[in-house]
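What follows is subunit A paired twice: with subunit B in the first complex and subunit C in the second.
Let's turn to the complex of A and B:
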């Protein structure tokens, strides 16, 4: 309990620090958010232009696809907002020897790296995601129940954990190889698959995004449950389970990596 | 002249070494991008299966698949990182180090990047072209590779690269105004990506918009080379689009010179 209190207090201090820095560069902050808004706008345009040609995509209407897409941005955006600093570990913190500073402090290294930075650009993603879900939902015929609403909200932190877990694992590889930023990048590209119904993929891809790099649980499966009410045990239950597995794996790999870490030293 | 070449050769080989030092990193980066191609591949497959037509806006399914993968190859070959590099140098002041040397600022960038490109092309172009042709063979039952189209495609890629290079150099000077280049660069990449057809073929746009896009320099970046490879542009159309590319090379070259002249006068290095 005491450690929890200490951690949350520290988290607050870090975030306040980060906000101060952001106020210094207000323009950048807006440019970053707009940048991510543009990226999402591109994908919207793509979907809109495609749906001018066809009535539905593998049985899914444009509104349903947009809902899945919007839903996928919410856990992604949350992870991006809070834990973006893991990217830096793989890209340059280890390679340049800057990682040493975390080892000298009386805080858990993983925790320190994660909370050090608040990536405000992510608001671009997060806002688009929330807006898309809010816009598409009223026009979709969804049967609501208390259970469904609870599960839909509950699944978001776990879906976020899948991102964070995978990012932790791939970032930790840098402790052995010095640089792993592009491994993280490659895994992140796999997550593009999860924004669309898994039915359109062949079984090879489907198995990978379900069981090996389980990004399908960050968007499509939960969305399937929300829209069609199918298989809550698999769509939500496995998501929760798998996210815990991923994060645990992440922590294990990270701790092993810390022990293997040799400073770049110059 | 030979002396000049010797100077710039150093930059060329520096660029090549950059790629070979971080080759594992490079491979993962490319693998990530190929993955993104496969996402589009599956989406388009589903699109063609969901619609009743054999062709959409002039594209058959096999042409669409070739389009996706060639778009990736072309945009990788014609990409240029000048914006970011220049912006960073303006920000941290290293630009001053380049300016005091008796060599052309733009040319050093050009050669360094060319070194980078040579490595990329060597590793990428053959497997991609073979892959793409295998797909076409699979769909149509005959080899459709045409050497003339391929050669004109390569020429068109060179033009495209030059357009991109000069455009990015010009854009890099936006660092005078916007300090956060990562965001600005992202915005630029999104707009250019869309207008150059990497998101969706321009023929899918409403026809008025398509006509405007085809005239802009961005269509020359990726769309024109790919259409040439596919054999959709031929005869006088082909000549027209190649001419348009050349026109944009010259215009953007002039523009980058002009911006360079104006901005070096206003350059104040922060703590340089």
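Let's turn to the complex of A and C:
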């Protein structure tokens, strides 16, 4: 309990610090947000152009597909917003020896790295995702129950953890290889598959995004339960389980990696 | 206080043939060898001591410091501070220490300096009242007042170093590690920083481990020296022990109108000096002679010199520690 309190306090302090930092460079901050909104609008336009031609896909209507797409942006956006700094580990923190400073401080290194930066661009992603879910839901016929609402909300932090876990594992590889930014990128980009119904892929791709790089659990499977009420045990239960496995694996690899960290000459 | 026992660190190094082709080959058939950066180093530091930790570039100083500060995990051996071990419990270990790397800053680059102290206060869980007291003390010693509201990126190197030292002391650590704290600073700032270190050490009995290439830092601050070379401990003792152990180098200055004084004097032939024990430099009429007074006594040298050349002025002085260290770095021990 005490550590939890300390963690949330530290988190708040880092975020406040980060917001102050952004205010130091107002122009950059504003342009960043505008740029991101443009990018998202572009994505939406592209989707609309494609789905205008296709009334349904693997048994999913256009509205349902837009719901899945929107839902996928929520965990992705949360991870992007809060834990984006993990990229820096693989890109330069380890290679340049800048990781040293985290090790000299009495704070868990993974936690420290994760919460040190706030990626405000991600708000665009997050807002677009929430908007798409809110717009598509009323026109879909979904049977709601208390259990379903609870599970739909509960699954979001776990889906986020899938992103964070995969980023942690791939970032920690840098402790051995010095650089792992491209490895993180390769794994991370697999999430693009998760924006569409998994059934449209062949079994090879399907198995990969379900069991190996389990991004399918960040959108499609939860959506299958939310929209069609199918198989909550698998669609939600396995999502929770697999996200915990991913994050645990991340922490284990990270802690092993720290012992292999070699710093850089100075 | 600090116990370092049989500390050893090996790195794995990929061996590549030169050129692009070599790099390409190593991508598919990587060859690696183990490099021993630190080999079996042991020393103890009692509470309140200032230890000068020196050695030539690449001797393994930084590697040792990084193991002592919890950054690197030793291949074998241990270091403990008050019985705490960084590989067992890094978080509680680093609470007891303060670290300054002269080449890197731990301050929040984009924000006013004050903000950094605010975050560190939370990180190290310093209570409000002791934080206030601490800040006013550090202000007094390191004179932070003038720039505490400026963003860190706008600070001069001297200000930044003072700010970094203050940051490392905020949580009243028992041990302070200073890795080249005077690097790149002007004489006045160097002086201020040395004074501040001495003051903090005296007032709080803070143990200080100091690495530097500026031997004035060592002479003015260090109670003791540990010197390493090629990853091994080569000297551990006080400055006067260093001076008496590694030969008494003396410097003879003379003014003469003799053109080639070295040849005219012929010390080497007359006294049978070895190469390391004698060095003669001439610049116009002034001649500088460094010699080992264990080989030939000062009075013999003087008498011989006065006999051989026409001397206008002559003086003898103790060579400084710099000369001793220079000899040690160059030849090994």
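Here are a few things to note about the model shown:
Operating definition for what follows: the second predicted complex is superposed on the first by the 265 of 266 C-alpha atoms of A that agree within 3 Å, B and C clash if a C-alpha of one lies under 4 Å from a C-alpha of the other, contacts with A are read in each partner's own complex, and residues count from 1 in each chain.
FYI, a residue touches a chain if its C-beta (ideal position, glycine included) is under 8 Å from a C-beta of that chain, and two chains touch if they have at least 3 such contacts.
In this text, all values refer to a predicted model and were calculated from it rather than measured experimentally.
Judged by the touch definition given at the top, the superposed model places A:262 against subunit C, while subunit B stays out of reach. In the superposed model, A:36 makes contact with subunit B only, not with subunit C. When the two structures are aligned on the shared chain, A:106 is found in touch with subunit C, with no touch to subunit B.
By the touch criterion stated above, A:200 is placed in contact with subunit B alone, subunit C being left untouched.
Set against each other, subunit B and subunit C touch different numbers of residues in subunit A, with B touching more. Residues 25 of subunit A contact both subunit B in one complex and subunit C in the other. Every residue of subunit A that touches subunit C in the complex is listed here, in rising order: 6, 9-10, 13-14, 17, 20-21, 24-25, 97-98, 100-101, 103-108, 258-263, 265-266.
Looking at the complex, you find that subunit B touches subunit A at residues 22, 24-26, 28-29, 31-33, 35-36, 38-39, 42-43, 45-47, 49-51, 56-57, 178-180, 182-187, 190-191, 193-194, 199-200, 204-205. On subunit C, the positions that touch subunit A within their shared complex are 11, 62, 66, 69-73, 87, 90-92, 94-95, 97, 99, 101, 103-104, 106, 108, 110-111, 115, 118-119, 122-125, 151, 179.
Partner subunit B is touched in their complex by these residues of subunit A: 25, 27-29, 31-36, 38-39, 41-43, 45-46, 49-50, 52-58, 121, 177, 179, 181-183, 185-190, 192-193, 196, 200-202, 205.
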